[in-house]
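Next up: the structures, one after another.
Both complexes shown next keep chain A, but they swap its partner, so chain B is in the first and chain C is in the second.
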Partner chain A sequence: MTSSFTDRLLGRVKLSGWVSLAAPILAILFAGIVTSIVLAITGNPVFDTLTTMVDYGSQPRSLVLILNNATTYYLSALAVALGFRMNLFNIGVDGQYRLAALVAAAVGGAVTLPAPFHPILIILVSMLVGAAWAGIAGVLKATRGVSEVISTIMLNTIATGLGAYLLAEWAVPVAGSNNIGTPPIAASGQVPGLAMVPGSSLKVFGLVFLAVAVGIGFHVLLNKTRFGFDLRATGRSEQAAVASGVNVKRMVVYAMLISGGMAGLIGMPQLLGASYSYSLDFQPGLGFTGIAIALLGRNNPVGIAFGALLWAFLDVSANILGLHKISPEIVTIMQGVIVLSVVIAYELAHRYRGVAEQKRVSRELAGAASTPQKEGASA
Partner chain B sequence: MISTGPLGTLTQEASISTETTVSEVAVQLEGITKRFPGVVANRDISLTVQKGHIHAIVGENGAGKSTLMKILYGMQRPDEGEIRVNGSPVTFHTPGDAISAGIGMVHQHFMLADNLTVLENVILGSEPRKGGLALDFAAARKKIKDISDAYGLGIDPDVLVEDIGVGIRQRVEILKVLYRGARILILDEPTAVLVPHEVDELFENLHGLVREGITIIFISHHLDEVLKVADAITVIRRGTTVAEVSPEGVTARQLAELMVGSELPSPETRESTVTDVVALQVTGLTIGADGERRVLDDVTLTIHKGEVLGIAGVEGNGQAELVEAIMGIRPSTGTITLAGEEITSWTTLRRREAGIGYIPEDRHRHGLLLEAPLWENRILGHQSEKVNVKGWWINRKGARADTERIVEQYDVRTPGIDVDAAALSGGNQQKLIVGREMSGEPKLLIAAHPTRGVDVGAQAAIWDHLRTARAAGLAVLLISADLDELIGLSDWLKVIHRGAVVAEFDPATVTPEQLGSAMTGAGEEA
Partner chain C sequence: MLRNRFGKVVAGAAAGAMLLAAAACGGGDTTEGAPSAAPSGGASAPAASGVKVGLAYDIGGRGDQSFNDSAAAGLDKAVAELGVEINELEAGNGEAESAKEERLRLLASGGFNPVIAVGFAYSASVAKVAAEFPDTKFAIVDDEANKLPNVSNLVFAEEQGSFLVGAAAALKSTKGSIGFVGGVEVPLIKKFQAGYEAGAKAVKPDIKIQAKYLTQPPDFTGFGDPAKGKTAAEGMFDAGADVVYQAAGGSGAGVFEAAKAAGGMAIGVDSDQAKTADPTVADVIITSMLKKVDVAVFDFIKSFTTNSVQAGSKVYDLAAGGVDYSTTGGKVDDIKAQLDEYKAKISSGEITVPKE
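So, the complex of A and B:
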């Protein structure tokens, strides 16, 4: 085989044609079957449970929640995917976004600016903090050869501690609870929600458009620019990239900075659209969800969008299960099985495609040329 | 490292077994046909290999040799036909079946883990156990040493594979197969990576093996070598066996014509196009600190416009490092000047932009993104060339159009520019690289083994392109293990040994023997 399993796993190798669609769909069906078996074993009605989830998940209110969750997941998975495309495992997205959201919330709460500039400042701060935090791992890797897996995991822990300290320094009590949080961001810094779904008073995060823009930017950066070419080349074959003149060390730092900057955005839809303050109950763990969704979407912005929506749907629709005395953890099982089976399905699809492509090439060459020096598939 | 031939008891056993096994058939293939959709890779192949023979199989790339060997090694199953090993019919489902039938294969592209030692690589998958659980390294080490000594393979079991050269890696591969008890050895292009004296050494080893009753199936492009070493030769063309000849009754030329069915190319350059304008000046290039063994030791060389400078040397004597130092991939001391401008401190990219083209030694690792389409491979290494980019942006249209041009001009056989590079045969991959590196009017071309592992047709085409570019004023640094290629293409030859230039020759007057002895470090006075 010419590409390693990790290459294929992380989508540095493209998968095209119908197999790229069939693989995840089959994997999700398979995950559904496994989940059904688990439901049946635990004595729950399989069909009823699934229809209840779909019914609940398609309520207007649920749709808004799904969109909002998916927005956050999408940003998280993109941040992870950017690193993956270059063979960088940014496991530290979690710490990056939490620290970035905290500092951005503090800055946003401390200043007041005219409307368009206030949220822009907050977003810029979050990106800078995320980038700086991820950049530490990038610089360590480039200068000292420290594995970014190790350093980002450690930075996650440090971010938790640092965050707790900073929050204690900056926090004020949240009105009407025992919670503490950063001073609330003034109205000028808030991004109003949109009533996009009829039939629900809940609003979709205004920053859903930011997520879409980041997705488009991701695609453009990777596929249309020199920088993206260098990044993908480094991910596909570092040695070939070095020989072609790519400064791999500099690329490592840049990629970590960009990935961290994107990670900084993860907390923004929630912060600027709903909570307006970073408090103790700010949602943790999104960075790890992002890893799963990036794998699910093969690090492709469109694939990740579907992955994020699916994930959010499962999360939201799980809420109804408690009412029916079914453990909502069934959804966690399903999510786990989906990731595993998608990875396996992509691997099978890749093998199929590799063989199919070589056959196609030799067939077309054999058809085109009847000269004695034709080149076969084997060499 | 120098082989002294099979030693001790093995030699005695060998000479005894030779007497008894002369006319037995080790492998017999009959009516083998293998179809892939749209292509018949093998058609009605018949082959009889005598036990204790070195049986050569020659044919162009894509003629079906590799498929045939994959069938024999259990990697593919034939659609029709029968395989008999030592007289009894066999069906192989996996290479494991072939190995247990005593068939071992040494692949053209080595299958070794760089970060493991030789010992660990050899025992990988057939580890000797001690007390059921622990690995018996001592026993393995002894067995490896015994095999290595017996055949003069000169292998140290405890070095890391990443630290040894291509020549030694191949011997490790052979050792690996022997270690598993193979009695029938398939060698796929074994000499493609070796220099003459290593080839002689290999042949000595092969003779040692057959004396012991081992059968060798030898696949090669190098017809002179085939004639030298083989006991029998089978020629394959377009998927079928076209001739069975004895090496005594045939010349290399006749053999080659059987192979391609047409007139043959030769690497000779006609008249000199050397000018007195210096294109590349390298002075005192050194890699390695004082006190240590220097990988590259004070190398000084000059290449003029229109000149091909050939570097001859045994693999692993600093050629790869020289190339990487000039490309700026590997740090070095000394000065490098390109067309009068000092580039010593420049980055690889800047050197490429200044007009250095680079055909790397290992096209799979360094020259291509195998799983990327051809047009993206066109951009690789030329990320700042006008046709490929517009400022920050990739110029998709331009790159695609230029890829089409390369495919056309350099006769890259492909159904389109959107197929992955991995789907092309080696020769076509190399033609794409050559075309790419010749684009953008380079001042200097570094060609490391430009025709290694490519078929005769592609080889001739690549030689032609090098000659044409040379006539147009290109300076070429040619590194090759193929002495005919070096002598035929170069205007001047330097011999590198242990990182230092030890001899220089005029290719018009030098003989391969002179070169060969200089390459081993014995010819300094020459």
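So, the complex of A and C:
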């Protein structure tokens, strides 16, 4: 096994069999133990805390919230993962989705179209803006060799400044409010929620299906298309990709455009499903959550789905902790430990696999040497 | 290795993100001897036992030495004097909008009544949850966008208090040049700037005023980064200012440091910062613009215990004593007469202070 640590970290090398399942489960158990120790040290009841979280997190209302949060996290992690699969570190998902959601909200609030076209227009605008913003980093890397890590981080900051300016330009003041936001999107542009969870009046974002579709599309694009093959090949070895005729520079730009376009979707479930306006308190930081979840899910659409659900469960169940005088930050510790332990667990699993493989090979070789070969040596 | 690289980015971005109103709008004087900690220990105190107050903080929560702490001071006073039981929940960095709503709902469904939301970020959430729990009384600080029969909107006339300290700055400035450092460029903080500039110009129409905001939304680190505050204020002192007013929450500490180093003067915000700031720099603070969130929170709880809660807006302006300037240290004693004259004129409506 000659894969690099980054290859293994980003899931470009796959584990198979029981280890691939055991690794994340052990990692989550380990994170549970660490959290328990932290709880015990801080003088909180360990068992009660965890059962309280599970009780609250499994109520119908909480399930809806978990699904809604997970939808957003999933889109974010997929946008990050697409870059990761090609060895592109799109740290700028955060700026991309914020800027995209702002422009899309402004456009959506300014126009009125018949129902199916209005939300579609908003989503398209958002994807275009996200892609364009990420594309800047892609073009810089392809033409000038600028590291996308640096350029996307800088673009995040620029997106913040530009966003603040545009919001101030486009916002409509609400009497008596210290908040400002874009004009609300008319009913024709809103995506109705779905009463999917019995026992709760709260509705699941209608765009949960968009997230599922994007997940399937991600899998198909990467595994069933020539483009996906080129992308993965470039991620594994740039030289090999060049040798086999892949235009790496073009791939860089395309990958950033797609990643940015997916980033443009991140804000949509919330914008079209709940807030209908981009205001000062539009949720920031989702791009960074996406990085953690992409790592957690090994850049695999199914893994990321589990990662997003787990992350959302932890976030939502943290709500109850304050009521019991337990600091909700305990959940942040848990999330951090889970990501670290998953990374370590997979690394250990890979090494275990490597050692086991070596042993098997040497055993077979030893066996082959001891039994005289009947046929002549092959070339 | 990868986590290191990401870790810093993540930590940096998460650190102050989404502070929203946590603003410079906090502090409040704790002179009435509020206890330092009071978790649900109100049972032994007198009077209205049985009242359970739920309070939801903005990002930063209790201990932010700013806006939230001011609300906490009011809550503590209610525990000590009214014997109410309390529970406090805190907003998380970069949380989903649904989390705010859920926090209020948990308090309301947990039997807490009244429920107080600190910061305009709770505006939409209060509107939704208050409609669901018509028998629970809600209060929201810094927002009057949503009016419901069971919601009290506690708002402040920050521009009026800022007018007074602006006048003080102009009167105290020998160079005819003053500065304003805002935490994050949001409408709330612009009110501070507008009042300050109006006050300064009322004294000296040709005064030179420099203004700088530390960050732009949604980057709310400007409310908690003393280094940024210091750099901004240093620039203003270098450019000839000798008095700088800060409405920048935790970043204000840096403004005071810069004033100390430059031999200039500074004006505090929210609480009487000549008392609460680091003692090594407190002597540069000539006055502070007081925004009495603690008074508003206490008054609201008190009105609940006497069953006299009023829904709708309650404006804490100069006339109501909701905003004011502080005189600790005696540095504005010589101009007190002039300031009080402005105060009377604003209270009587003779002077209308612009909000933007």
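Assume the second predicted complex is superposed on the first by the 349 of 379 C-alpha atoms of A that agree within 3 Å, B and C clash if a C-alpha of one lies under 4 Å from a C-alpha of the other, contacts with A are read in each partner's own complex, and residues count from 1 in each chain.
Here is the rule we use: a residue touches a chain if its C-beta (ideal position, glycine included) is under 8 Å from a C-beta of that chain, and two chains touch if they have at least 3 such contacts.
Since the model is a prediction, treat every value here as computed from it, not as a measurement.
Chemist: In the superposed arrangement, which partner chain does A:A233 touch: chain B (first), chain C (second), both, or neither?
Modeler: In the superposition, A:A233 contacts chain B only.
Chemist: Once chain A of both complexes is superposed, is A:A243 in touch with chain B (first), chain C (second), both, or neither?
Modeler: After superposing on A, A:A243 lies in contact with chain B but is clear of chain C.
Chemist: Does chain B (first) or chain C (second) touch A:P173, or do both, or does neither?
Modeler: After superposing on A, A:P173 lies in contact with chain C but is clear of chain B.
Chemist: Using the superposition on chain A described above, determine whether A:G260 touches chain B (first), chain C (second), both, or neither.
Modeler: neither
Chemist: In the superposed arrangement, does A:E357 touch chain B (first), chain C (second), both or neither?
Modeler: A:E357 contacts chain B only, not chain C.
Chemist: Which holds for A:G303: it touches chain B only (first), chain C only (second), both, or neither?
Modeler: neither
Chemist: Under the stated touch criterion, which partner chain does A:T225 make contact with: chain B (first), chain C (second), both, or neither?
Modeler: In the superposed model, A:T225 contacts chain B only, not chain C.
Chemist: Spell out the residues on chain B that touch chain A in their complex, using ranges where they run on.
Modeler: Residues of chain B touching chain A: 36-39, 41, 60-67, 70, 237-239, 260-262, 327, 329, 347-353, 358, 360, 364-372, 376, 379-384, 389, 392-394, 396, 413-415, 419-420, 422-428, 455, 457.
Chemist: Mind listing the chain A positions that touch chain C in their complex?
Modeler: 5-6, 9, 65, 68-69, 72, 91, 94, 98, 149, 153, 156, 160-161, 163-165, 167-168, 173-180, 270, 274-275, 280-286, 288-289, 291-292, 295, 315-316, 318-320, 322-323, 325, 328, 332, 339-340, 343
Chemist: Report the residues of chain C in contact with chain A in the complex, numbered from low to high.
Modeler: Per the touch definition, chain C meets chain A at residues 1-3, 5-6, 9-10, 13-14, 17-18, 20-21, 39-40, 87-90, 92-99, 102-103, 106-107, 110, 120-121, 123-124, 142-145, 153, 155, 185-188, 215-219, 313.
Chemist: Which of the residues in chain A come into contact with chain B in the complex?
Modeler: Against chain B, chain A makes touches at 2-3, 7, 12-14, 223-230, 232-233, 236-237, 239-240, 242-247, 354, 357-369, 372-379.
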